[in-house]
């Protein structure tokens, strides 16, 4: 059996490899496909708490699984955190940067505050150059503008969430998507519900710089 | 709470140490600017090509930056890929799983094929249980249904992309967002352009299982 | 001198390597054979005590020396133990399993208890499916059976140990060998000593599942 | 004492952490089931072939499992083998020692040769200071002595193997145990079979230095 | 030769790859500017304090930069210090050696003590086999000899330092160079200053074994 | 202070531990003899040749020994060199910088060329801002100046070397010291020999930027 394994290895180096991973394995050999167990090690300065490490553990696990088709249980992440005195760059000790806040948590806080029209709380979560784009391509910069924009459209609206997606972009921004359905009341007192929406947020250094909103409000109202 | 953690960290870095390295810390922030340089090591079986490693490099870099506020230039990723004979699990050699295809590339191929109405090519990219949801909450499963659904709405539509976002979810699916603007021609021959859209895709094992679409078509048509 | 070293290296890559490690080195080169210093790193969750780590250190050192002919002083083992918050599998923290007890210690306890006929203590160390095989191929399952079996053979017997060997098998069982000599008294009051014996034990999850006994009792009694 | 250690470990895993990860711990066990996934890394100079690496993979896996109760599938071994130019001790490159031969293979060869009375082949596998001890404590040094010793005992004997156990001792010797049953013919022409035996071998630098034999021959012959 | 190596490297980086990462390579250099970021990991037993680790951080950073043209900010050093219970050599735990004192500090102490003619303090810093060589090749072993040697030459002399250089030699000795200028008073009461000097020290186990002195005293006095 | 640290270390090594490993510690020293075996790992991009790696091996070994009193044979250096495709910084592959030339080799070439008055060869080894300082504090920038300066002093001079010391400074420069004795002929035809000298060189990017010279020429000539 060992002998067989050897010849598979050799095979793999020659033809199979050139054909780019179209590895065909018979049931006889004992090797099934896709049984790799990737291991990630992260070296950081210490100072991150359990929640922040959990977020690192999740993000690194998913980063690997984005390319390598390993079941989650087969992806191991080890975080090696070092005291400042054990880490030198250019011969100098360094102080760890405070972890970025969880972008999804920030977005949730923002959406909750907006729904309750607690503008001050919401405003604290925004960067100075905040910009929001609403259906029809309306661009606004201040939350008060949004209130005005919404007034002729509905009395109130609340959100039910189907899910959040979040990631770091290649650039500076973390990106968060919130999607679900809207329910509320039109100005004429009639109510609506199950109106699909999706919001896309960009966040830099823990502050929201951009909100983009799409939803089916117009589509629904157009329907007879 | 974060603030408290910061001050604890500083506390056990003695005064001498701070003086020694000329670290200036204001009482307000606890931390001086982020100067950490996280290092990620990934151990996988060899068999991944340059493009796949580049995708792993990007995904792992962003995973760290999602939590640690390091500039990209300060995040190092080292991939250690091992020949099968150097890796044992349960005392057995393993064969690497073929890398998952780039989800963004799959989505682009799908959108291009759909725009050109090359349904066969598009269909090859779909999982058996594919489901799409279009504005108004219309759920369809076959591409032909979509063609029928679109007929009374516009003669043709093409897409201009502002950007793609992609990530692995905690579950089995990779998620891809495509956003940008639509242009095309209504049935009455009049044209439209700059209509915002966003699509959300879920992909499992390289096949699209779900497409969700939001856009401003109705909003635009409702406008006087 | 550097130049010479280089050419040795090149030699080693071409001919020597193909001839499978029959490396012949002249006294001029300065390289003796067998001067490697293998290094083992073990990553585990923390929770193991000094004794358990010592056992890991011994077992890993011997595992390497089983294949690589390095003197013990040249084998380094480093144990990296991580707090649970630094280790993720499938994005989840894990709790370390309690170390297995030292199989040799268990066997010693069992043999001491049996010698003193403290059957309850001995029984606590046995798995439910315990089986023992004594000279002549006699198979028994309960310690009381053994007492009965021994009665017509000797009044009492004690053991002097020459050594213990222990290892993990490829299967679930750890294996322990105890060997040495027996001394005691026959039923007729005459004494015996220096009778060679060896016992083989299998242990699963810290419980003895199997004992096999060989000795020279019959051989000695057959001698005139 | 182990129990106490467990509760300390739990103590400094805060309630929040337990809630977070939905870890349920009963007060009786201290530890939930063993879900750890130990990782072993071995750094050696390159020059070992697939078979030798497989033996290292097995030995290291079992070394960990001797102490840590992980299922084999959860123990990963990574072998990092370096070209000589990448490894320095005392600033000097080193040449890898040729791997030790598989002790079990040597023992099998020896036993096969002895059974077939091919003394020269067998003798090549012995160290100069070879010593063997047979039932009754008979010590011999040369294979010819054994032939003489056996002549009055049986016409011939062959072995059926139930299993081999092998390990590196803390000292210089590798230890191999072979066990099974003997069958053959007595001098009077009557046959015997299913006679239990066990042999213990010590091997240094690939040569057998010691053989110890125990079996039930006398026990069986004593039986009526 | 180096040039050739460079072009080989480029050769197997395909055009696509170069385009992909926007790497611009002129035909003259083969290599674009040094953008590597070397990482050093040091594994030691714990027991070293912050100052000793800082010296290790500096020495390792400079060791890399001696060969690799990386800017200091791009050289990372990580010190992994282990408790004794996590480190085994030959299966035995080890106790870390106390760090060697900073050779530059020792030399400074010696020079300060000598300037102040505190011979006892200076003598404590010397090894038994201490030897000093002064301009003209004068060799002395005891500090008192030096006092006598200096008497006909100047009333007193003090030193202004331009810099210190220190390193570990390939042998047992650490080497320290002190250089700068001398000022003082001749026996006739006239003063001198800005007289260039350099001292070379060898230190073994923290004790000075050798001092060699060169300076411009004679050159200056010879000048008209 | 070191002493105190030592006793703290001992303090948390329990009595049992000390007994276990037969470690004898006197109250005076705190530490028993240095038996540590430090391990250095260097991660670089591949592209360095055997000679350059040997220099890295030497420099890193000495860097550790500068602080940790380990015998050279107990310091291990492992170089992990990665293909460009396995290393990402900021998500981008990098190209390794060409190794810096050996500073001692450059200095030797320079000194040989100067001795033979091959000014062009020597000049190629100098940086544009080259500066040399000779006995008496004479500062020159061009090699021709030096020729002129030497003319009234001696007919010719050659060097015998006792040794070279070289290191990377904390700054940009590598520093090289050459020391030994001068021999040659004065203008009057008389010869001199055994005149001690030392040269200090600074080198940046492989070019000599600074030469400082001290010797006993004047001292010797002043002697009767």
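Each chain carries a letter (A, B, C, D, E and F) given by its place in the written order, and its residues are counted from 1.
The criterion applied here is as follows: a residue touches a chain if its C-beta (ideal position, glycine included) is under 8 Å from a C-beta of that chain, and two chains touch if they have at least 3 such contacts.
Bear in mind that the values here come from a model prediction, so they are computed numbers and not experimental data.
Counting only chains that touch, the fewest steps needed to get from chain C to chain E is 1. The pair C-E is the one among B-E, C-D or C-E whose contacts match those of A-C for more than half of the residue pairs. Although chain B and chain E carry the same sequence, what matters here is overlap: shared residue numbers make up over half of all numbers found at their interface. In this structure, the chain pairs B-D and E-F differ in their number of contacting C-beta pairs, and the larger number is found at E-F. Taking the mean of the C-alpha atoms as each chain's centre, chain C and chain F sit 51 Å apart.
In chain F, the residues touching two or more other chains are 17, 37, 39, 43, 50, 54, 58, 60, 62, 72, 76, 78, 80, 85, 89, 91-93, 170. Every pair of chains meeting the touch criterion is listed here: A-B, A-C, A-D, A-E, B-D, B-E, B-F, C-D, C-E, C-F, D-F, E-F. By the touch rule above, chain C contacts chain D in their complex via residues 5, 9, 12, 17, 20-23, 25, 30-31, 33-45, 47-49, 52, 55-56, 58-60, 62-70, 72, 84-85, 89, 92-100, 103, 133, 135-137, 165-170, 174-175, 177, 179, 194, 196-198, 200, 205, 212, 214-223. Residues 2, 5-6, 9, 37, 39, 50, 54, 76, 78 of chain C are the ones that touch chain F when the two sit in their complex.
The residues of chain C lying in touch with chain A in their complex are 43, 80, 82, 85-93.
Residues 50, 53-54, 57-58, 60-62, 71-81 of chain A are the ones touching chain C in the complex.
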